[in-house]
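Should a chain be cited, it is by its letter among A, B, C and D, assigned in written order, with residues numbered from 1 in that chain.
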């Protein structure tokens, strides 16, 4: 009987031909892949990386929009950073931003987005389309319009909310400015999380859920043991993007203008006030750099958290 | 059985709350433009309404007439369409090519690169970047040019678009492309015949996302386009104020409604035609 | 097959948009043979902010000026570049333009920006840009010295003033009558304002006094609040290069804020915190909920104007009274005055980057000629122009503006046109916000002093 | 004409995992050839390397006499059916079938005609304008086959072509596929992890383990004479009895019983040698009463296989299985005797067939 096991002396030498043979699905190969990415990277290099580096540099100067420092900005090294770190207003803004991101992005948008996706996961038909349509509407309407809608909703005297609750004169934006912008931003941004989780849940094999249910798992246990492992990658993408976006979201300015008395002055608004209203572009650039570093820490934290956790 | 009924009740209660939450703020937008003297109060526009305080107001088309007569309002919507369509087309095209290559071919350092670009994009979309971007546009002679604005906006949106699209493509099975490849299709044919149709919902979603972003962007168009005849609706919206900074609610509410209609139509079109999804997992 | 068509369609769309965009990108520029092309910009836009002046430029100034030039044998084309956004954004854009050697040939700026723009080199003395004719302009003789000062920095004229304004106390005569106060009320001290407020309060007026406070109102707090009061306490925010710190004058001002917002019920502290609080104060005044309101003449012209105001009062002329802002006590105001006010005003100048500075100045001077100003203020659009000759004529039927022009302007003061003023202004707003929120005036003043030192570069720049 | 020949084919993944270890294999023209093995054995990698979707690290792939090792997949003149069929969801059935022709720039009319012709042959007429999502699993599979047929390639490669079908359909499809291949006469290599499928369909097959081919042969050869204990254990719907044995003269001592040395090993064993004795349950004669050269023990389990029963005997402390025709199944707990067929019993020394 013929033995077909491989002869041990067959030389497995590197075949040169194999190298120019691309093994990705479409046979792109590295050269073509590089060509595919080149236009995007070129545009990003010119219109994103270059100005971003410029901002980093401006952060080291006293550059101002007007005045003598506009004509001849001084290089001051890390002075702006030191100033920011000693400025209580900066720290107040930072904590408010953390509150804003945790409240509206992580809890609000992720929580509500996932809840809606979960509720509607096996549904079809008009109800699903209606809910999804409204949620997405809140997301795509221009912010100039949306901010007016919310001012009208929360208005002290003639706002819809107070009329419904029967508490005319309740100043939401004054007494609960953070709550207001957190709820607002939840309303505004839930669509992204909802769509992402909707698609992700569609990829969880129903058999896994059924077997968990048969094993007597509670709803929460099903989520944790079956659903979460499947959608972990999506959770990471989602958290990264919405945290980044929320961190840099300027829209709260249009509701509260950072007020009252700076009690809703998140970092993006703080930077606007510094850079545009006061014209301190150097200091504003330094603040932007600090925000970048905070974002970096947040991103690394998410990556660690979701990579390590099984 | 009781549990089932309670579950149903709970489900509909939750859905009702969600619906109310997302509908409530929109009421003003659909009522105020039709009322004679809009305030922040939501009043039902009725012919002959507004005399008592029963939550009604006199119905009128006057606000729409005023917007139509406004010299820049309607042209600005056309400008918005040009800018957002141009940006969305460029973003989708470049991001799709890059995301596909990054998804299918292991280029060194691709993940780190994407994260870095994503972080940098947050700087560029912030207010502190106005000077570098403006100066850059001046140096490249792109001031007052729609093309320049489109390029700058595209640069800011591309990293997130690539990031999202790569995620989408990562979750698309590779066997379709391999199959086409075995049949002899070239990489470009594969992209055209197979990949683009397969990820079309993702492309459409990114396009909508890009349009929505550009549609609402005020600062960059305002700074980079000085010719009012090129300025988009976002800029015009901000001019509907008086000398002392009071909102002209008559114009604002009405223009806000008109300003919202195109994006809503686009969403409806896209969701009907392509489905509106952020993630792969091809339906068979 | 179907998909092929679709992808071709997509490519076609991309190509078309690309072409359209590049075509649009090239359409600017393109000078006609020999014609001088001028551009003029204002923060005004037809159908929006400051629509009347935008329309005046487009429909009268440009055709008339072009025709006049043609008559002189010159081919000049003028283009108006409207804007119409927040002043800060307009300023940002203008700064970026000027910094890059761009921008319209004739530009409008707020008087308060003159110093910082000059320091940055964005604008230059007119004599340098256009030559001697700038100093010999016929209009200068008609413009009061104080108003000329608005356009002057470091002793040099950088622009022509477009106009000025003044701040007064408005009051609701109907409410006053109910409270037993006279229709020709003119308080002589702060105490008299408070007394009137107390009477209004006991007659049931919800908000007896509205003097802007807090950061939400922005510059309106400083200009229609702190600075007129500070002037009444005998201090200017900056004098002879030194800034006013937490001296007695500021403490007095903050003390008045405390008397109004610190629980007396004379003012509504919450209103000061609202993002749109100033709009609301206008609405409430128009609705008869506010008794006394400190505002500029814009309030009369643009807010409660029965014709097209944002908070129309059909009975404005009968129902709205106005009075000079008193010093803290008679004689205690700046320059020993009994009454005080603050003024601002816009400037119009020639862009140093202009390719045709002479023609640009002609256009600039034309817009401020007596004819142009008379034309501009026709049809109910009356304001206080910089020219005495014009004011005499157009203000005749306008009691308030006559009052401003004749009674207020002689008393008034201006803000220092320097780059860090906006930051000082914010510090003042924060001090009033603190007091309205319950902080004792002395504490708020001390906090302000500390902040001021950081802004102006040490205690050495602060008057002790 | 289109034989497939692999010479020293090696595939090492970047991580250092060797998926194929210097394989040699010839599949003659027109043969229906199965690659069988447990998951992870390299069979799919081998198929993909033949297709060109994976680049060989070493060795050569020769198709129809042409060395195609460095050639792009599309130029190898092979066609492949994927496990998930990879039907393009955005094209209708006709377009899917005609896709290979579209690549070859066949005019639209001609390729629709060809698609209709092939579709009709596979019973797909009436479904030509449906989308894949609207088809049943069996229909999808036939579309995938039709698409492959439309290529007129020199060789077909099927990756687990039946695994996405339910059990009943799978049997039908098995027969159908075999018949189709016979009619077309195109060299076909298919991958499966199901030994029954391989036995049923293939002309010849290779059994793979960990990147090596452990045996090549016809299904009968592989079933009757597994070349090693791995193949012996892997092939067969009931696994072969593999029992420790010691040579005692011309008999073997297995679990305390004596059985004759199998015919194939006669004269090749040494007295006292320890070996593995292998016999399939199907090749056992079972009786209730004592028999010569039998493995005797107590009936532990009786399993119904339909027309027969699988009886597990406890012989000493080892379990021995035998297949018993229906009607003769013993009761659990009774004594049983299984007599291996001498011409079918095998002996393995160090895992290899003697």
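Note that in this section a contact is a pair of C-beta atoms (placed from the backbone, for glycine too) under 8 Å apart; a residue touches a chain by one contact, two chains touch by 3 or more.
Keep in mind it's a predicted model, so treat the numbers as computed, not measured.
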Can you identify which chains form the pair with the largest number of contacting C-beta pairs?
A-B
If you average the CA coordinates per chain, which chain's centre is most distant from that of chain A?
D
Mean-CA-position distance for chain D and chain B (Å):
55
Intercentroid distance (Cα basis), chain D paired with chain A, Å:
51
What whole-number Å value describes the gap between the mean CA coordinates of chain A and chain B?
16
Measuring from the mean C-alpha position of chain C to the mean C-alpha position of chain D, what distance in angstrom results?
89
Multi-partner residues of chain A (each touching 2 or more other chains)
22, 25, 27, 65, 151, 276
Which chain D residues touch at least two other chains?
52-53, 72-74, 90-91
Would you pick out the residues of chain B that each touch at least 2 other chains?
90, 130-131, 135, 175, 178, 180-181, 193, 197, 238, 247
Can you list the chain B residues touching chain D in their complex?
173, 175-176, 178-186, 189, 193-194, 197-198, 200, 282-284
Chain A residues within the chain B interface of the complex:
22, 24-30, 32-34, 36-37, 39-41, 43-44, 46-52, 54-56, 58, 63, 65, 112, 115-116, 119, 127, 130-146, 148-153, 155, 157-161, 163-164, 187, 192, 195-196, 198-200, 202-203, 233-234, 237, 240-241, 244, 247-248, 250, 268, 271-272, 275-276, 281, 284-285, 287-289, 291-292, 295-296, 299
Of all residues in chain C, which touch chain A in the complex?
88-89, 91-92, 95, 99, 113, 115-117, 119-122, 214-216, 270, 273-276, 418-420, 422-423, 426, 430, 433-434, 437
Taking the touch rule as given, give the residues of chain C at its contact with chain B in the complex, in rising order.
3-4, 7, 13-14, 17-18, 20-22, 24-25, 28, 41, 45-50, 81-86, 89, 92-93, 96-97, 100, 102, 104, 276, 278-279, 282, 298-299, 302-303, 310-311
For chain D, which residues count as touching chain B in their complex?
51-53, 72-76, 78-80, 82-84, 86-91, 99-100, 102-104, 132-133, 147, 151, 157
